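The block underneath contains the structure these notes are about, expressed in structure tokens.
Lettered A, B, C and D in written order, each chain numbered from 1.
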């Protein structure tokens, strides 16, 4: 069993840390939020008083933070983890951050002789809860091999994607597609319904044809078609529109940096920005269907 | 065995007619193109001297025409098929046309006591060749049941979708999604490659994640990833960009008519219009990747 | 003074007919809406009992109808104006319709020896009220010259654009640009405000720079910047979002028919479709700013 | 007369520096490019051996650099200008950079008691040559007043826009609009031409109607309509597509940071990315018309 430093006990992190504890590892946790830290203590993690404490004796250090800004601060600042991590420790940033930040973290770690993976996840809070996350890992393969046991305590599918930053790159390419598919499936299903088609029949046609895609199969946004879909649960997430927007934005930053035209990706990012702007970002991302049906207004007063 | 009138011997129609003959039906064929008509004679169809002749004694009449304009002319004009079809004949328009035209044909047929299906296909020339087409059928269910034997001689999957026009509606909803996925998959794969990812690894990640879709799985537009993909065969179609554009445009007409916002569908239609404008419409639709890589220019002279 | 048949007494037509009467012409008016017809009688028009009556002795016949469908019916049907118009009459369709319809009307008129203009207008109800409309005229120049006196009773700027359909073509090209500019100006002004800029200063910068355009100058959608703008009058139209959507859709039909990629035009059409879908289409078109600010939701209930 | 440090002698900077010399100022210039530095010596500037030398005795320090990255390095690094600038010096960054960088520079200067403006320009190399640039200035108004004499030696229109970063913010809002207008005008003019309109007549209609905008008036991309337009000079820039892309990207970064949906801005950025990808970024930005006409391909070999 290993000693693991863990920073970032949000919706995802708290569940991941719990799985590590349950698999018998010693987890030294830290979060600025005292309540989250108390929660981690309840399931058996050791609560660190300050950031640097999580690295004490830790063979593995994991972070799960909101954005690249926090990742940079936690790893690279004067009090950051790279200063206190012991020689030989294996570092993993499981946050979803921009490719440049991931590359810089990997490089900074290597400069001082430490091994680091960028290892963003997919699978959402359900995957975190059930230890069925997918990890997309960038860094040295040897590091990936060392991290395998630890990652497999939190997830089911571990993919080695390539060098530093490649984990993040793979994730945003996938999620850009997922974001586009989410909107496109809403457009196709609403169009069909507006043309008089039975949504269940249309779903069946598409699911067996060239338009088939995961967003439709798992989260068809017309009520009653796919029982487990968020539309049937008042759009309780799942994966929120705000998180989808975050990933689409990261894809657009990467597209800018690599001079890649991603026209549909750009439009998808804009439509989720509208969803956020109208105040619906905390719903499941399939709520983008409301922009297609027009069900975002509602108050009679605004209409004339 | 049945007597079948068949109008429209293009790339699709000629193959469909041949399958009918091979299954033992008597096919009375017509096309304005004399050469196509000769081709039909070679495999055993009877060549009709004029349009109205195909209906003589025909229990089934099938058309496979380029656009709604031709469908209207062939069915509704003074010399059209509705004038000469015998009582009790089952009519099928397998062309891909706009929803309004399909509805009008169905209604016109019903007015004079004839049964008609709109029965557009998917599967391309390969599906037509191998009798593995999918038929999406709109009209009365009883008509669909009568047509079953005939359609199954040309295709493998017969779907009853609903009333008149619903076959067309289902097809364009599916193909709008397919068109979007084709572009989106190109964007995601090129972005990943530009970020340094190994395309085969990225493909594998996406194929097992939330971004998965048929356009990627069957036609990943990066060379060497999916062996059967058109990109590995100089973009020999398959399904041309021009045909994809045709279907995307039909989807936008239907979206206009039904007041449905289909923003990604609209942008997808525009990007295929650009592909057509630069002269690449006859390539497989996955050649849209050239707009993402910029490999459409080429001649040094235009560049500065 | 001339005898003028006038069909279509909506918000625009009623004002145009009144101006003709006030300039001393004899106006024979018709509308399916009895109330509108009574209104026309009040200011001195003769009310025709049926459509064909407006042509009796009429040297000029004008129609001002909602869409191409009505134009076709009113001009081309069995009881249509082309049947009853006297030889030598000058015909004008001032409706905004699709280019194909305009061309067909012009051609049908010519076939039976009548002269016809497509003469769509810009300037809105204010221009109709004050006889300051712009007319964009397609047809023979000689016809345009004959119509000059009559058109100048209703408008200030008469432009001869070219052959049949060219009036419509010019209008939709202009209005496509106007629609794009309306959205783009909203995006730029809201972006600036969100970045902390004083809107009045930003307006002044843009109005004197490369971003300047009529939509911004006349209808800047940030409150308080341009006093006469609709945003300062609860978006009382002016030119409604629904009408802008109509023209953008016509531009997209023409773009399809002529194989022209108009990507921004297509996206603009989609955004106005969303505005319509959320129930705000009857506001001035500058209300599209609500999609940028997110002020379309409003009811706390829809948000979570 | 003032002593002025000047860093960045590219196409713009070299012309701006020359104007300062010609107005009688002492200019101490620096650039990593030795040839550019020699050019500056020829018209009477003093060539500094290293970056820090430009600040010696300088009352004003001006930078004109490609991107925010260079601005950060030149101002903030260990050898940067903020280290060597004398007390009381007025600092101006005339580069076009992202808003965040501009704010950080202003803040860093203020922290050590120096006054700084972000003062990006519009007007291109012609404006730089003729001292007719527009400066959009962010910072303290007192600083703007002190800089007035110096800026007016290089430009004609000096606008005080607001606090730190506001100069950049105003510029990208304007240029986002200009970029959209450039594309939209191309779409409208090509659509009109494809519909059979005489481009000169269409231009005249739009120029006097609601679609009018600066991009059309100054740079109508149809040959022969606006004599001075780049289309008539083989798209010799003017303002290149690459620079327009740079500004559109900055606008999208600012839109992300401020949660502003700018859908048309995003699509415009993508279309210029395509122009760049096909190798035409060094042409005048009005060459975007080639994406609308399809004249980017050209080599018969790529077509089938």
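Quick note on the criterion: contacts are C-beta pairs under 8 Å (C-beta built on N, C-alpha and C of every residue); 3 or more make two chains touch, one makes a residue touch a chain.
This one's a predicted model, so the numbers in the text were calculated from it and none came from an experiment.
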Where chain A and chain B overlap in contact partners, by chain label: C, D
Size of the rotation, in steps of 5 degrees, that lays the CA trace of chain A over chain D: 180
Chain pair with the higher count of C-beta pairs in contact (B-C, C-D): C-D
Distance from chain C to chain B - Cα centre to Cα centre, in angstrom: 37
Centroid spacing, where centroids are CA-atom means, of chain B and chain D in whole angstrom: 49
Whole-Å gap separating chain C and chain D, where each centre is the average of the chain's CA atoms: 38
Where chain A touches two or more other chains, by residue: 255, 259-263, 267, 271, 274, 276-277, 291-292, 294
Topology of the chain contact graph, where touching chains are joined (line, ring, star, complete, other): complete
Residues of chain D that touch chain A when the two form their complex: 249, 252-253, 255-256, 259-263, 266-267, 269-271, 273-274, 276-277
Residues on chain C engaged by chain A in the complex (per definition of touch): 235, 267, 274, 276-280, 282-283, 290-299, 301-304
For the chain D and chain C complex, residues of the former touching the latter: 99, 122, 134, 136, 157, 159, 161-163, 165-166, 169-170, 172-178, 180-181, 183-185, 187-192, 194-198, 201-202, 204-206, 208-216, 218, 251, 254-255, 258-265, 267-268, 271, 291-292, 294
